[in-house]
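Read through the structures below before going on.
Each of the next two complexes has subunit A plus one other chain: subunit B in the first, subunit C in the second.
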Partner chain A sequence: MGQTNTLNGAVILIAILFLFLLSIPFIISFNPKLSLIFSSVIYLLLSVFLLFSLLYGFAKFPLLLPFSAQLSKLFGLRSSTSDHITYLTTIPYLKFSYLFDNLSLFFGFLIAFLGFISSLYSFNYLYEEHYKNKSLFVILFNGFIISMLFVVFSANGLSFLIFWEIMSILSFFLVLFEYEKEESKKAANLYIIMTHIGTFFIFLLFLYMFMKTGSFSFEAWKHLGISGGLSVAGMTIIFILTLLGFGMKAGIFPLHVWLPKAHLEAPSSVSALMSGIMIKTAIYMMIRFYFEFMKSYGWGFGFTILLIGALTLIYGVLNAGIQDNIKRLLAYSSMENIGIMLMALGLAMIFYSQGMYLLCAFAMMALLFHIMNHALFKGLLFLGSGAIASQTHTKDMNKLGGLVKKMPAASFIFLIGVLSAATLPPFNGFVSEWMIYQSLLMASSVNIEIIKVFTPIFASVMALAGGLAALAFVKAYGISFLGRARSQGANSAKEPPFLMLVSMGILAFLCFLLGIFSFIGLMPINKVVKEITNISIYKNIAISYGSIVTLPKYSLGIISPVGLLAAGIIFMAAVYLFIKIFGNMKIRIFETFACGLENKDVYNISDSQISKNVCNAGNSNNHEGNNDNTNNDNINAYTKINNAQYSSTGFSQPLRRIFEKMYNVKENLINEEYKRKYFFPVKNYIFKAGDLFECFYNSFASKFLEKISKLRAYIQGGVVQTYIAYIVGTLIILLIWVSWFYHAG
Partner chain B sequence: MLNIASFIELMGAFVLFFAILQTASHRVDFSIKVYSIQSLFLSITIFVMGIHSNNGELYLSSFLTFAIKVVAIPYFLNKVTRRISIREKIVPYINMTNSVLITGAITIFAFFITKGDFASHEFIARRVFPTALAVILIGVFIMIARKKAIIQIIGFLTLDNGIILAATSITKGLPLVVDIGVFFDVFIGAIMAGVLIYRIRTSFDSLDTSKMSNLKE
Partner chain C sequence: MWNDILNLKVALIGIAQILILIIIAPFINSYINKIKSILRGQRGRPLLQGYKDIFKLIRKEVVLSEDASYISKIAPYIVFVSILVSACFLPVFSPQALLSFTGDIIALVYTIGLGTFFMALYGMDQASSFGGLGSSRDILIASLAEPTLMLVIFAFALQTKTTNISQIFIDIHKNGFLNYPVSYVFALMAFLIISIAENGRIPVDNPDTHLELTMVHEAMILEGSGRHLALFEYSSYLKLIIFITLASNIFLPIGIYSGVSSSISSFSFLTILYAILFYILKVLIFATPIAFIEISMAKLRFFRVPDFLMLGFVLSIISLVLYSI
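Moving on to the complex of A and B:
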């Protein structure tokens, strides 16, 4: 393991070079545009470098410079014979050592690549959203990406914790970026509290590992795993602490409360990074712990992870279905995808514990591929939602609509992201989820009754979740892009600027590319899987014509994304021809269909009048300046009708009714004016979809605090006599203690 | 045969007796009288200890006890009570009967915890120390169990008597400088408490400290 990755002086030199390059965006942060251009170039270079070293190993770097040894001595770096770079400090146990194995290189590549995309995007986005302190954004943003890079490359518990905390705090400030907003403050507070609870468990975990090994370095922990020096109880402790500590960051089922709020409030390019890669650093550490630091555990651990993954999946997707805020919907969809990843991780652990390394390698490959794909399509979707929000100044889908005409390129790109996220072929989300389905079905070959019983249940949960995810994304796309505009903002939207489109376009292209030629993505992943399980299954599953086969030994499924695309094209062509030959091909150009509502021709008003006045329903009384308009009432009636389109809230109503118990939904219909109770009453419909667990935690916390404060009021009564009594009580206890324990014998 | 150690113990027992009587007192002026008599027995105890150990400083200590605790402080407290005209009865948290029973328990407890070898060197009178401890605890008990601020001062003074009794019984008298310092402290403390009581009375219209919990928050 890692022979090909032995570091040489050239690599250290490149690392130092990159450190210098990465500091440039900070230095020139007074000019945000220049800084973002620099950083995007640097992240692109870095991602190419990391991908190259992942694919071919460090040995291929031919530029062995003669003075690299002196340089590394100058910076106090020490490369041992292993694949570590270590920076020693004078503080005991605190060594900044960095590990470049295939797993960390893979995650580092994803971080650098997504960093490249989002800095490219931020170049325009910052000015579209009119943020006030752009330089601060650049500093926090670059610091966030770099801290994530350091997190995945850290090979020492203490240095890992330092960078992990830097990452958490910088992302906290990014969530708080629009600090005037009350929601931002609440979301950021919740996020920092929950993430620190998670860090508390990570502290406990690392201390436990330190107690066991006497060292904080990951290498020693790996030796502990190999030597089998852990009892079952010890492994259970590590398992639970890892699950709690890193699960908090990943947003697993009961600990997810911060996730939708923080993703909602952060600037979109940051939400793309947070959802795309930050929550996956937790999965990265779970892989490290469950596959490197722990060996030979029972199947129960994997089954627990599988179960939690299934719960996360179903809860996330159910909540994604009813959200009206597009970024909240995407955040819950991230939670769903974390669930899918956890299921794959759990399956890999089950196979690993049973010694079925081929299946383990397959599940692991599916997991890493899904991580990659989710980073791509969820990054794309968050960037797209940012584009929508910056153009229409709202994230509420009930106020969007008709965007496909206003921003055709952006809506096409967003459509690709939506199709990927809804796991439809020929896009990448489909391939990785298909692989996870296959590994789930192959779990029936595990010789344990419980797993055999539960496999079909999990498979059906995944199928249900797939359907519900499709529903959520049909809603996300259909309500916001199709139909007619529901508000002035949506009506006056324009195409987002060039670089935003380009950055989203790159991601969309990659979604398509990895959906068709999936083996391109599986090639680097195979290296990682080989490192973890010592098995290379790339040759086994990727045969020619780009098809993916489940392992021949357990042949259950075969899929060819290219073939699927070809089949789809042929089918579409056949349908087109069928309609052409037999159908009525008369094309009629008409106003957008909005669910059978009357169109503007009825009201005899022109387009320019509509664009001036449209969609002010609700506040229709602000037409003082339009006295010359003869048909003002007509326009207002028309705008009201636009708001009567099938709305996002209405779309998700069946889901709300069916799964009523799973939600914390508040619906109210309030009469605004009692005088007009019977003749055209003005009513206000209030709808609030909260998180069930947030409500639960809140009530728990308030009850707990109430108890505490009652107890405090009881103890601190404010009566002088009570305080004297405490003193005397202490004195008497001490007297008894002294007389019994010091003078008894 | 009444030897001198027994006599010291008897005097100590009287100090304890008046401390217990203090808890049974219903009226403020009676409490002050009881305190005065208790201090008189304390000064006699110290005087007899001085005879026993032939320590000249103890005579001075005894004289100071008499001058301050028997004469000055009761005089001052009487003046304060007359000035703010306290005629109400002592309002207890725990009523008199129970208070007396609890003081009995406290005394037993004090003897119980001092039954071992407490200090290596010899005592003048072995049983004075647990008595003094009981007086200390009863003083604190008075402070806890009574609502009126003036009775709490008397409780504090009782506690101080107990401390002096314990100190003289263990160490054959404190150094004179410390002694004078302690007396001065108590005297100033009593005067300040008296002034404070006057202030409390004028601003709260009552000496009931349970009403002072309004000051919270």
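Moving on to the complex of A and C:
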């Protein structure tokens, strides 16, 4: 029932072309390899197209296609100034309308680019992991990416909800992809329940907006903001509903419970997409609501977001530090980064509400740059964790180790991701984190006492999180890549196949590039910021030599990543030369001191040796967890294999102990049955680290269900007489009602 | 033409500043040790022992674990260079720091963080139990010290409305700390606590022992030898001098440093010399209390360290509140 009403014939044509192209991977999904190659090429084209249209605008496109005017005439399309494409349907209110403004183009570009990377990666990954239904995977995977694209391009509440739901359900199926595993089922169930609670709030939100404007289109909602037709109460309702609805998807504290589980169980290329971009579609809608639909609000909303961001940040990073499963660690780190983004969003909102548009533009730029950077490095790290898991068949860091020699290229790429995620110079995470610090400092010029007092405290929270993120990533890299293999699987690992390395390598290169030449990334972001705040600050903040400065009016600081790198290289060369000339360059290789234990490849030794070693270790084991193999989620104990190396659980023991109250950790040391208790004892160390809030919700839900079921048992007692009494009672009440009220009426 | 000469002079001053830091770093360490020895009634090592140690280590061969990877080979260099680069941000006796345009005080913290990161990786690279222990503890202490450091930094950045270190120093030298004297005292105490924690001195860590239970920093570099150990040792000397320089320039803002932006035209060798001598004097003044603290306290148990750092955090909050009022 299509009826079109458009901006530009060429764009419509390109959109139709891309729709056609995007359907090809579905059609040829019977051949997964071919389909993935096709889809990666299409996503690459699409991302280039979206980036180009973001940078230069759609206006240039007719020039590219000289015959477009004729074609438009041929198809009867009209050009207009509106940037919407609308397809009317026969159902009232249900319009599929699409919006290509800079904000959605930016997110669309990130989705398409990450889609390109992960399809490239999946080409080999599917076969490395030996998944059974490869064609099904391809269909779900492409559907997931395309639904995300439609989500960010939707310009109508109802069509947005439809695609949002498709996105959620397809990602649910992808989380459930290894459906034989019990953990997958649990994680997927939790995910679908929580995401639907979120969708429920979004539905309420959209209904409220519909009540206020009488329309589902974003255009009308924008007018609502401009006309100022919202009371403070209405504003608060919208704010709370957005926070609950979109916050659920973003995984804000304390609605994050689904996030680590779902990211853990999904195939790695899907986790990269989920963490890299899906959770940020929620941030995208928050930006839309707070900067376009709600125009004028007090600073309290921004401060709330800032506070929630800080809580999310600190909770995420504290939990990331103690995880033994590499993908869970990365998932909690995503939560931390969502916290950073929310802090930047909160700052931007505070500035926006105070009418300080210049500062708002800066904070907005920091936010969008961090979104971009996080998509790159977290995508890289999840893909890297997939490479590890596919080669060693485990995600438990206590069974990894020594991979740096087994997969040198992958380990180097992963190192770059780890450095970016730990927000260290000269990589991209540092630049956006620095910009957020500067925005925080500039918040002190807001003339509100509470904000002035709290900004340094927020900064110290961010600093603590930065330090603990470094701890988490030292652990992730040090335990899984360095040292010596802790299991047979890790020992027999090999370098992942070529395309997996290439796709990760592209992301690593971009992490480095954006860390050094950050202005490349800031250029497209500036377009988005300009659209929201009407201020172009790119010229102000990025000066030559690749420096980034804060705004001239608030000249707070300046960094030049290029200068940092150059200085580093010069010093490195100088130090190297100095040692080469005056020192000794010889290296002798020798074995590591293993505290008197046998320093052999421990996983090959027999049972008798195990018990001997455990006995020996018992004496020197004052730092508990030194030789504990653990499993994460389910109580799964097995005999310790002693190894002089530090384990993952041991590494985080000080953190666990210091922040004891923040965790739901259970540890136990129990004697093996039928083994001697004092002489050569064999002990099992049981370690379980769950999420505090998951535990809390579970106990709450179980209590609630218990109450409900008791009530049900009371009402539905199984006695027939009672039921008859119910029927009679209902009949009498109905009769009274009908005779009294209806008759009178 | 004039600008070129001026820039040359600025660059020369910048290079002189970084050289000063590099040269006096081992001396300060020996100086602290000497004072400790004198207080104990010992004669102590000679003041030039630090230099001799470094040269001795550089000339020795490296013994590397068979489990070690390329991380072990590059980490010492990266640690040392990251400390050097962050030292370049730091104006020592004149506001013309060599790299003041590339980084501010936040970048300084994060560049030092890069060094800590690689040192922790180095500790885990040799598959030894001590390395992992040291890395785990060291990076935890560093991350717990970070909020206090950032809070102190933010307190000064808010006062001076900049994060550029040169600018902060110039402002403080110009105005002195008489505006907020009490706030400064608390900030100084907080800064002392973080400096102790970040540099692994008593009571947080003992740089002189190799006892398994107590060591943090030493455990991490236990496998280091030869030039690698020399680089690690030198970077810990440099890190200490960076913190002392920060403290001495913020909390003792007197000297020829002030008003230098105009005195660049009256650039003369003698003023520079005076400035250097004055700087060294200030550093010696600030290094002495460290020796006194080390001699009068015992090392804290590891799980008491967070309490100690919490004290620093509270002090910095008090400082901030006093400033805001």
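Keep in mind that, in the parts below, the second predicted complex is superposed on the first by the 625 of 745 C-alpha atoms of A that agree within 3 Å, B and C clash if a C-alpha of one lies under 4 Å from a C-alpha of the other, contacts with A are read in each partner's own complex, and residues count from 1 in each chain.
One rule holds for everything that comes next: a residue touches a chain if its C-beta (ideal position, glycine included) is under 8 Å from a C-beta of that chain, and two chains touch if they have at least 3 such contacts.
Bear in mind that the values here come from a model prediction, so they are computed numbers and not experimental data.
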Broader residue contact with subunit A after superposition on the shared chain, subunit B or subunit C: C
Partner chain in contact with A:474 - subunit B first, subunit C second, else both or neither: second
Touching partner for A:592 - first (subunit B), second (subunit C), both, neither: second
First (subunit B), second (subunit C), both or neither touched by A:251: neither
Touched partner set for A:276, first subunit B, second subunit C, both or neither: neither
Which of subunit B and subunit C A:521 touches, first, second, both or neither: neither
Partner chain in contact with A:402 - subunit B first, subunit C second, else both or neither: second
In the complex, subunit C residues that touch subunit A: 55, 58-67, 69-71, 77-78, 80-82, 84-85, 88, 99, 101-107, 109-111, 113-114, 116-117, 120-121, 123-129, 131-133, 135-137, 139-140, 142-151, 154-155, 157-158, 161-164, 213, 223, 226-227, 230-231, 302-303, 306, 313, 316-317, 320-321, 324
Interfacial residue positions of subunit B with respect to subunit A in the complex: 93, 109, 112-118, 137, 140-141, 143-147, 152, 209-210, 212-213, 215-216
Complex contacts: residues of subunit A adjacent to subunit B: 716-721, 724-725, 727-728, 731-732, 735-736, 738-739, 743-744
Subunit C-touching residues of subunit A, taken from the complex the two chains share: 401-402, 404-405, 408, 411, 419, 422-425, 430, 433-434, 437-438, 441, 444, 452-453, 455-457, 459-464, 466-468, 470-471, 473-475, 477-479, 481-484, 545, 547, 554-564, 567-568, 571-572, 575-576, 579, 582-595, 622-623, 626, 644-647, 650-655, 657-658
